[in-house]
Structure formats: C-alpha cells, structure tokens
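A, B and C are the chain letters, set down in written order, and residue numbers restart from 1 in every chain.
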Amino acid sequence: MQQFSQELQAFEFWVAMAGTVAFAVTAVLAVVPRGIDLFGACVMGLITAIGGGTIRDLVLGVPVFWSSDLSYIWVALGASVFAYYAQALVTSKHVYAIMLYLDGLAVAMFAIQAAYKVIGLDFGVPLAPILLGVVTAIGGGLMRDVLAGNQTLLMKKELYAVPVTLGTVIYVAALPFFPGSEIAVSIVCALLIFGIRAAAIHWKLSVPDWAIARPKQDD
Amino acid sequence: MQQFSQELQAFEFWVAMAGTVAFAVTAVLAVVPRGIDLFGACVMGLITAIGGGTIRDLVLGVPVFWSSDLSYIWVALGASVFAYYAQALVTSKHVYAIMLYLDGLAVAMFAIQAAYKVIGLDFGVPLAPILLGVVTAIGGGLMRDVLAGNQTLLMKKELYAVPVTLGTVIYVAALPFFPGSEIAVSIVCALLIFGIRAAAIHWKLSVPDWAIARPKQDD
Amino acid sequence: MQQFSQELQAFEFWVAMAGTVAFAVTAVLAVVPRGIDLFGACVMGLITAIGGGTIRDLVLGVPVFWSSDLSYIWVALGASVFAYYAQALVTSKHVYAIMLYLDGLAVAMFAIQAAYKVIGLDFGVPLAPILLGVVTAIGGGLMRDVLAGNQTLLMKKELYAVPVTLGTVIYVAALPFFPGSEIAVSIVCALLIFGIRAAAIHWKLSVPDWAIARPKQDD
C-alpha cells in the first residue's frame, strides 16, 4: 500500500494536534460542571485525547502511539489546563462552536487514520479496521464518561458514533477498489464523517425516535 | 498436554458460537429498556461477547482471539441486530429461557477454555488460569454494565460469577491429577458450572443473605 | 542506571506486600456497605491491588508483574477474605487508621517504583514515567469505584492523586541530577508523597475550594 506523502503526513500531524486540543477542551468542559479540580480535569482531558488510540494499539499489539511522540500528551495537558482556567473564553458561543466542529473533525480523522493503520497491519480485515477505527474515535470519550459518572454517549440519542461507523465502513469497503488512491479515499471518507457530524451539530440532529428501541425509562 | 481432538474442537467451536449468540442477545435485552439505538445495541452485544476474552489475551500478551477468526464478531453483530429487531420473539418466555441457559453454558465453557489456554501457556499457574478464566467469562458483561450505567453483577446477589469461579478452581486443581484426561475433566467441570448456574436460573437461587456483608444501603 | 541493592529489593518487596494488604483491605471496606458478597469483595480487593500495575505493564508491553510472582495475588486475596470476615476488627479506629496510612505508603511507593521501571525501559521519558506512575498508584482504585458504581476519586476533593502526581513529577525531574543516587532520590520522593498524604489523612485536608472549578452540582 502506497505511503501517504510527506506533505499529507505534516497535514495529518497538525489535524491530529488540533483534534487533540478539541478532545481535551470538550472533555474538560464536560466534567467541569461536576466540580472537578485541576488534576481531575487534566486526567479527563488526557484520557479523552489518547484513550481510544491507546486501546487500539494494545489490541493491535504495537507500541502505544504516544510513547514515541509525546506531543500528544503535552498538547492534551496544555489544552486541559487552558480550558480549565479559561472557561469563560472556551464556553463563549463562538469558541465552543469551533471546538465542537474541531472535535467532529478529529473524530473523523482519527477513525480513518486508525482504520488505515489496522489495514496496513493486515489485522482482522475487514471487521477489525472498522471496530478499531470506531474505538479510536470514541473510546477515550467513553472512558471519560465512565470515570466521571456521566451517561456514556452509547446511551444518548446524539448523532456521534453512528456517522463515524458509517464512514469507516464505507472506507474499508471502498479502499480495495481504488488502489493507489488511498489518500483521496481517506480524505473523502473523513469529510463524509465530518459532514454528517457537522450537520448534526448545526441542525441539532439526533437519532430519530423510530430507531430507538423504547422510550428512555430513566428513574 | 494432549491436544483436544479435532471432533472436540469442532464441538467447541459450535458451542462458542452458540455462546456468542447468547452473550450478544442477553446483552441487547439488558440495555434495550434504557432506550438504546441500534448502534449502541450492537456495541453492547459485541463488547459482551468478546470483551472478556480480549482482556485475557491482552494480559497473556498473545494476539486477541478474534483477530484470526472474525466469526466471533460477525456472529455477535448478527445476533445483536437480530435481538434488537426481534425483541418480541427473544423476550418470549421460551426463547428467553433458552438464551439464559445458553448464556450459562457459554459462561461455563469460556471459563474452562480460558483456564486451559492459560495453563497451556504456563502463565501464572495456578492462580492466573483461575483469574483469567473468570475474567473471560464475566469481563464482557462487566464492561457492558459499566458502559450502560447498570449495576454490575459484582454488586448483585445473583448466582452468576460464583459457580464460574468454583468450577474453574476445581478444574485447575484437578487437572494435574488426570494426565491424559484433560478433555474429560474439562467437560465435567464445564458441566458442573453449567449445572449450578442452570439450577440458579431454574429455582431463582441467589447468594444467601448470611453470606452478604450487610443489607444493601442504596440511596 | 545503578541497580537497587539486594537489601533494598527485600525492603521493597515487604513494603509492596504491606501496600497490597492495605489496598485490598481499604477496597473491601469501601464496597462492603453496598451489600457485596465474599466473591465480589475478593474481586474488588484484587482489582484495587493489582489493577493499576496491570494497566502499566500492558501499556509498556511487558509481562504483567504478577504473572511471575503470584504473591501479589495470594496476599490480595487473603487480605480481602480477612477484611470481609473481620470487619469489626479492621473498622476499629486504630486498625483502620493504620490501613489508611499503609495505603498512603503503598500509593507513594508504587508510583515511584513504577516511574523508576518506566525510566529504566526508556519509555516516553519524561511524561510516560509520570503518567504510568500515577496510573499504577490510582488505576486499581478507579477500576474498583467504576465496578462498584461509586464516585471515582477524580470527582472528589480528597487530597489523594495530587500528592502522588506532584511527588512523581519531582522524582522524574530530579533523577537525572543525582546519578548514582537513585535509591536516595526514590526514598525521598516516596516519603514526600507519603508525608503530604499522611498530613491530608491526619488533618483531613482536601483540595481547597478556590481550586475547584465550580461548586458540585450533584442531583
């Protein structure tokens, strides 16, 4: 499989860093109303940013991605501290909207990147790339919600994990038909995920009621 | 240690598949009343079916079992989708009872299989085979309950994990005394676990009150 | 890096065993009021005692520490059973205080030991030793709280994880400046953590209100 070009790698790196910031910031904002201290906020930001990819690498049996590039951790910690002290800023309407869209872009890119990595290792194709793509994108957020005692996104109607899964399925299905065009297919599928997610954010779309098993019966 | 015969392997495979179906179906039925969507139901079914064995393989440092045989994932996903759309069927008295007993059989078999695998790797004998046997059997269900926000079975009085542990302890203790009869010992211990579990299902047995530390003080 | 001397290794082993006892006992006492049975209590004691170090070793890609020395598991199980049946004893004022301080000593020592191990593997220095030191110290307790449905310590004001992190940061920062004195630096930093934690236990110190993002808004 053709290597991603160097320019694309640089582009990928910066999108990954922006995504790491968005993951950490949205995580801190999700737990701050519960009265967390700075330490807890950093743990939550860090787990959300690197948790999913860590599970992926453990399952793949490869070194965890952040052990050879600590940028992910520095950036996640820095963004967490910033979000903790600059809540007034990051919760302002415009900045928060930017964070939500960046989070959507990060989710899209991390899922596709992960699926590409898993396919490159010829690991459990075609199902494992999809599973681990989704785990990479949403695993950190699930760990955060469990540790914070929040309801996980699996139990919510928000359109978050569904577009990720859909886009990753299409990616893994389409890739063999476009040999030599891995970059283009990757970008198209990431944009597809981001597009649906952005639409869900903008129009506040949620999983339609008829697709929910039963009305929520929370006590 | 003598290899399990080929017939037994085929038998094991089909029991494992039936167990995977039972794990996924009971998982979906456990979360559906909370108003989950199809995607969430599939995640829950899948995690319940393969979560425990995945933890076991990570701790053992061997490739996760489903990476070389995707049947486990296909079957778990298929059973989850089926259970989601055919709730009226799978919650009918007879089918649900079959699922509960199949789940009991799966728990028994997965625990014994796992203990056997760990002993074969000479990994932390005699304690690790017991621990990892129990983890394989109940780990996926614990992950499901945590992600769904349900009380985990560790906090319930249901006789579920106790027979698994008891049978696995007996298995690991007995195995060295019956060289060449691993198959027989495996079957006897799996049936022992299943027998106790089936009795617990049939007579609705629970951990007796005198064995509980204190009366539950949930707020 | 100079090897710890044999005497220190023996000392470390006994502190680790005492810490394992303290982890298991405090874990059992934390879940017993919820009406748990003996099996659940043992699982909770065991997970608290070995959970953090297990995550560390999985991330490092090295064999889990308890696979080559089952003492950790025997001691954790023994202490859990003892704590379950001797609650009147272990909840007596003096014994419980001893357990709390032992827990503080264990947290301090496990964090420093883990950071030392990670540095020795030249794994993600300087951030990974700090992260994995903290994970080793508090990871098991987090897993216990999640499985028991208790609020995790990340959401509490108790001064528990903060001194661990502080001491581990100082340790990793100071170590390169004292070549050949790893033992002394290790002891000093572990005592620093233990000192702050002991002060927090004795004077019931908590994270000051001004360092908390917002007042707790629990339902």
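Keep in mind that, in the parts below, a contact is a pair of C-beta atoms (placed from the backbone, for glycine too) under 8 Å apart; a residue touches a chain by one contact, two chains touch by 3 or more.
Note that the structure is predicted; figures quoted are calculated from it, not measured.
A.B. asks: According to the touch definition, list the chains common to the neighbour sets of subunit B and subunit C.
C.D. replies: Joint contacts, listed by label: A.
A.B. asks: For the Cα fit of subunit A against subunit B, please give the angle of the superposing rotation, nearest 5 degrees.
C.D. replies: Nearest-5 rotation angle for the superposition: 120 degrees.
A.B. asks: Could you tell me the distance, in whole angstrom, between the mean C-alpha positions of subunit A and subunit C?
C.D. replies: Once rounded, the distance between the two centres reads 30 Å.
A.B. asks: Would you mind listing the residues of subunit A that make contact with two or more other chains?
C.D. replies: 58, 146
A.B. asks: Quick check: in the complex, which residue numbers of subunit A touch subunit B?
C.D. replies: Contacts found on subunit A: 58-59, 61, 123-124, 127-128, 131, 142, 146, 151-152, 154-155, 157, 161-162, 165, 207, 211-218.
A.B. asks: Can you tell me which positions in subunit C touch subunit B when the two form their complex?
C.D. replies: These residues of subunit C touch subunit B: 31-41, 43-44, 46, 54, 58, 61, 63-64, 66-68, 70, 73-74, 84, 87, 146-149.
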